[in-house]
Amino acid sequence: MNETPLIPAGVKRCSKWQFSLWMAAVTAVLLWGVYAMFLIWYKGLNQTNMNDAYGFALWIWADLAVIALGGGAFFSGFLTYIIGKDELKNIINFAVIIGFICYSSALLILAIDIGQPLRGWFIFWHANVHSMLTEVAFCLSCYFAVLTIEFIPLILENPKLAKKPFLHHLSHNMHGIMAVFAATGVFLSFFHQGSLGGVAGVLYGRPFAFREHIFIWPFTFFLFTWSAAACGPCFTILVTKITEKITGKKLVGDAAVRLLAKISGWMIITYIIAKTADTIYWAYVTAPGLGFTLMDFYTSSTYNIGLLFAEIIVCGFVPGLILITKRGRESSFLLMTAIILAVIGVSLNRWVMVLQVMAVPLFSFNEWYTYMPSWQEVATTVLPVAYGLIVISLAYRYLPVFPQERELNPID
Amino acid sequence: MSSTDKNQTVSSEAAPDSVTPEPEIHDSPPSTTSGWAVFMFFMIGFVGSLLSGWILFPELLYSKKEQPIDFNHAIHLDLVYDGCNSCHYFRDDGTFAGVPGMDSCVDCHMDVMTGAPEEVKFVDEYVTPGIEVPWLIYSEQPDCVFFSHSAHVIGADMSCESCHGDIGTSTHLPVYQENRLTGYSRDIWGHSISRLGKPEPGEPKPMKMNDCADCHLEKMGHKGACFQCHK
Amino acid sequence: MKIDRRSFLTYTTAVVLGGAAGSMLSPATWKITDDIAIWTQNWPWTPVPEDGAVSYKQSVCTLCSGNCGINVRLIDGRPVKIEGLKDHPVNKGSLCPQGFSGLQYLYGPSRVTAPLKREGKRGEGKWKKVSWDEALAAVTGKLAELRKQGRPQSVACISGSDQGTIPNLIGRFLNAYGSPNFICEPTAQDAIEQAIYLTQGAQGEPVFDIENAEFILSFGSGILEGWGATGRMLNLYGAGKPARKIIQVEPRLSDTAAKASQWIGINPGTETALALGLAHVIINESLYDKNFVENLAFGFDDWTDDNGKTHEGFAAMVKNYAPAKVAQITGIDQAEIVSLARKFARAKRPIAVNGRGRGFLPGSIDESLAVLSLNALVGNINKTGGVSAMPDPNYTQWPEVKIDEIAAKGMQEPRIDGAGSEQFPNTRYLLNRLPETINTATGESPVQALLVTDANPLYTMPDTAATKKAFDRIPFIVSFSPYMDETARHADYILPNHSYLERLQDAPAAAGNSLQVISLAKPVVRPVYETQHIGDTFIQMAKGLGGFVNEAFPWASYEKFLKKTLADHWRTLNRKGILEFAHDLPEPLAYTFNTVSSKFEFYPTARNRAKQQKGSALPAYAPVPIEGDIQRFKLVMTPYDSIRLSGGYVANAPFMTKTVEDTVLKQQTSFVEINPATARELGLKEGGMARLTTPKGEADVKVHLYDGIKPGLIAMPRGLGHTAYSDYLADKGTNVNMLIGAIEDPGSGLNMAWGIRAKLTRI
Amino acid sequence: MKENNNHSNAKRYGMVIDLDKCTGCGSCMVACYSENNVPFKTDETNKLDSLNWIRVYKISNNKPYPHSEVCYLPMPCMQCDGIGKHGHSPCVSVCPAVATDYDYSTGIVSQIYTRCFGCRYCMAACPYHARKFNWWDPVWPADMEKYLSPNVSARMRGVVEKCSFCFHRYQLARDKAYLEKRQELAEDEYQTACAQGCPTGAITFGDLNNKSHAVYKLKKSPTAFRLLERLETNPKVYYLSSKSWVRRAGDNYLAHEETEKINNKVKEPYEAKEHL
């Protein structure tokens, strides 16, 4: 019986056993995470090293970070479908997949992170509209739905599925209206990325996190959206580059990458200028008004002023400047350096906006609070990484993710 | 993905080089699936799910329990002077005693008075050995609820019937239905599984928090703060 | 219709999708979602306390000797909360954390729930539940056997108290049985009481009328940490008149020191020198109460005895304690000493008190005499706001005990602890001497059977190792404890008493109280477990022994006994819950002293002079020869008391341990407090681990740097390091008693140690 | 979260803790544990996972021996009126599921364990660490369940809890008032367990809006201060201390700032509209 091949035509893939071995390795890591996940659900959050001072910890950081990094999906979508940067169609599929992974991971981590997972739906049913977290939950879920819709046509392009006319047409039609979803995604993302910034920024009891408001939103609202738009595409490029490295193939043409990198660079530069302004205002106006000097927030050995320098200069201005220069973009070393720094930068920002907020003592008689995640927390945070690798591997193997692959890698 | 070797072998899963991207006809036998059949099966699932949800589910969800004694409210109500308050009274500190304990019963039922089978059972099984009757309470609220009877009955001058229906004039106790998942009495959710429609006159009112909140909104203009009724 | 694999899959998918679509429109999905959430709100393993009618019962908290009044809230007869009793004369509604934890002594894993017989090795914790009859038969059998052998004196009883009818009932039992060895656990009160006896000739519990004092000079007394009746002291502090001042003299900034008007850091163990130094200034500047000193006191000036020998008087003696010298000894600034003396002498109603911390250690007689002399100098004896001895309330009537020949012979034997002997004529109990007596005895142990009631000597006595060694030599140990404490765990039989809330007993107010109050502790709840009132147990044991012993106990039960013994007082006590006796001190009468001179004796003639310096009975400062080689042990360790840690017989309830700070206990490790300067010298950091070594033992501890402690001193909390009870208490920290020893006061035999030399090394 | 201005006789229950009187005995903590069914574990030495509705901190002036001073500082939930005194306390405004709300008739911030799903955002928001998480299922060993009070529901694991100002006592007092057809509660009818239990009377509790209540006068004392006032959380727990270093330790100040000046500046704009 001659079955329809599962693998898209015209591309080479590794052998079944190689693939199986790889999948087995990643699945083992995944299972480790899944085990930890069930352990936490069964025994409760005492399995973590969080405590009453660190109510928010590794997971919330992971949530914020993956959503920021997954921001590549909405911003690339915005550029591709709304601004009309057609070149980016060569990378948009992958951006959507990465976004899908990031957002589904975020939801999963949230489901692990709450003390009463079976009551999780209260956030929708008994919503407090004043809470930033409510806004996050709604937008996150909606945008995840959008990403799923954006992902479906790609799945349907699998040769075996595409054989069914119904599915084939469905896929085709969905492609046709993708701009609508992209627009919805941009709208939702603007709000939930912002809300995530708001999560920390509204905490007026926490001078390290608290920021002055514009209308109803604290500065961090805009900074988070902006930084996600700026650094998300860098993560898309990074994952693309890693995939290229592993597969040993060029998958996306330089033009698309460089275009995205250029836009990203300008976004980063503008973001970091805004961030710097915000930091200066906070350090010279907000914090002193509450009795703190800037350095009061950086007296711990872990949380020292080097972090701020790293975030703004090393992982902010440096990648920004590299990416806005042509030479920077065209040098593969500089490009890689820049996108890695940008990814670290946004992750670092999310880290301090979650964990340092918790660590700073508010009373003169309190010490810095310390925290080290338990293995269960680490395993459940690694879980989405393994899950992401599996999804990317499957998608790469069975779906025509990279439109340029055949052209760039002709099979002799 | 597992190799960086550019000269990787073409997987057996992969399409042969010659295959064009167009879907093509294969040798496999044509599919037997027909649109109508698919629709039929879809409807089987759909209707089955509806039927089990609306009819079977409520039967399964609740276990039916008989009260230890089939208490006749009507008879007692005729004999007492102070209506419901005679047995369901307020303590001096303003708390509500709820279902009366044995001490309220023994005044009259030290010995069998009427010889009614339920009374004989009551005296033999509970009064004589001095055991409290494990009544099943239809309106039992969960532990997180602080319901102030005095605020409603004295403060707002509400009648017992306005929430509890006309249980006071019943001659038999209804079957107690216990939610197998939550342990709650069915009366709390209300007997309509969909919670649509209003209870018949004389039926007890549903007592979920939303029911409280609706009434408060209607009567007081706001639903009230959490601590008004939670502990 | 032909169904192959593929179409089967398709149809199944269709059914599932249809079902899913239908479920969206069926109540089941939504109700189950809701009900699962409700299930999490009512997890069957989360308890739902039963509701009911509220009532209150008044009783007395007998967890320590304070005997504060309590008001217990009950729901349908089930106690749910203990609060202080507003109208109680002792505590006026105030209660300490232990009192609030009371219900955790009623239930809980520490309770001994039935009579137990040891199964495994001693202390192994293997028990067999036995019936009360069996347990009683075994214990009385053993006691009968010893009597038969003609050595009833080899039975000893260690008791937590000698106040009230229960200890007296037990004392009576021993008397009828024929043993003089009723031994009470030591307290600071032992030394103070003796000092009062020596100077005033009055036997009785010391009274400090704090209620009416306005200037309290405390020589290290933990006034706010459980000294005397905790509830009383806290209440007095809170209700303090603004004029009332507390001056705390102590080497460590304790809670009392922190709340005092002034804290004076002093070299540990030099309080006597300070007291005498203050006396020096007061006499030198002629600030003393002339009337009292001249008309009502003896031995202030030099005096000549009947043999014509001249003795140095108090005034002449304190000349040796000039401020400059005292400053050197105590480490207190000279000017400070002079100023303090003036403030004390000029204060409206000054009082000086002593007894370190909560008063677990008796301390030296010299110290108590010196402090008492200070009170006498300001004429503060037997008057409002002063120091006096509580006369025996005499509220019980006992029929006389007739004893048989064996008992009479046994009673004539000297006490095992040497108390009341020629050597220590004024001391009643010397538990601290017991281990050594047993350990050094040739042949078998002089104690053949040990009864332990309301006491936990294996934990509370200094030098735990020696105590345990002694206990190991005692062939038969019976504990009557309601809790599985260290001593109970080491016993052969446990005949568990009711817990305090299940027990009827009279409760005389603690030492120090200015009011003579007897409260009635009434059971607030029926016994929860198979325990028995200790009074009933002893009555039944007497019955089992028969003969004269039985005849000495003509009561069917403790309750009947109590009613009989209290006679006329029972009705009042039962109705009001308290008996109050007027403790008035009408002026002239108050000053009749029962001493040789009929005056207050600055020179205590009744004191065993031979033991004293230069053959004088006057108080003198001599450094307590604390154990340890100064070369090897460069630092000094002293235990400290905290109100959140019970150092005594009734150990911490889980709630109390929960309040203990994380700079006192962290997981399994105790902290010691040292000055940051000392820490720098030793290379120690906050929270760092260190090995604490003393001549008695060693322990691994954590270090807490505390500015409020004298450099060179190590302070260690008392009340941790239990090995028995339950997981909520056992193996938490180090028992400080394990690291310290007892030092005999040559005059009284009481333990006068306040610390020990020690070494602290980083690990 | 609409403010109900119809409450002409709205109460603002609050507390004044006299730190000069607090001896750090811990009775308030234990009184609270036993009043509110607070569970305990075998190890309670990690204060960051220890359930305490009121915790007594020990603070020091950090001066060397013998000039060292310490002060005890009991900290219950501050029941913040929030920024602008509108009931937007730091925690209430962030809870995504309305598991905590501000009761405009009493000023008390509730916590509903059955609504809470354990996201812990409120804990992140609270600068006082007044909110505690139930990391474990509570266990009362060996019959200890029998002493639990029916007036406060036991908490399940996975939810946040905090001091409620013993709100159940208010509920019970109101029950009695209804029975006696009264509208108002006397000052002593509603007292928290810690206020009632404090053996030195350091804690005073009452209606901050009621001129006849002791707290009304006490909070106006010149030595009164609140914790972290500059954050504008507007706590309803006031402290009294005669020691200036203690008052300074209650908030954060830049080196050159004077405690009292800043204190008065922060206090005034809100104190002026006391009666809202």
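As written, the chains take the letters A, B, C and D, and residue 1 is the first residue of each chain.
Operating definition for what follows: contacts are C-beta pairs under 8 Å (C-beta built on N, C-alpha and C of every residue); 3 or more make two chains touch, one makes a residue touch a chain.
Note that the coordinates shown come from a computational prediction; the quantities given were computed from them, not determined experimentally.
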Identity of the most central chain, Cα criterion: D
Of A-C and B-D, pair with higher C-beta contact tally: B-D
Subunit C-subunit D separation of Cα centroids, rounded to whole Å: 34
Subunit A-subunit C separation of Cα centroids, rounded to whole Å: 63
Inter-centroid spacing, subunit B versus subunit A (mean Cα positions, whole Å): 43
Junction residues of subunit A, two or more chains touched: 116, 119, 122
Shared-contact residues (touching 2 or more other chains) in subunit B: 93, 95, 142-144
Sites on subunit D at which at least two other chains make contact: 46, 50, 60, 98, 113-115, 137, 153-154, 156, 158
Touching residues on subunit C, where the partner in the complex is subunit D: 40-41, 43, 45-52, 75, 78-84, 91, 93-97, 99-101, 103-104, 106-109, 111, 224, 230-231, 234-235, 237-239, 253, 255-256, 258-259, 263-265, 528, 643-644, 654-663, 665-667, 675-677, 706-711, 726-728
Of all residues in subunit C, those that touch subunit A in their complex: 33, 36-37, 39-41
Of all residues in subunit C, those that touch subunit B in their complex: 1-4, 6-7, 10-12, 14-23, 25-29, 31-32, 35-36, 38-39, 41-42, 44, 48-49, 51, 53-54
Subunit A residues touching subunit C - in the complex, by the definition given at the top: 116, 118-119, 121-122
Subunit A to subunit D touching residues, read off their complex: 44-46, 50-56, 113-117, 119-120, 122-123, 126-128, 130-134, 137, 199, 202-207, 288-293, 296, 357-358, 362-365, 369
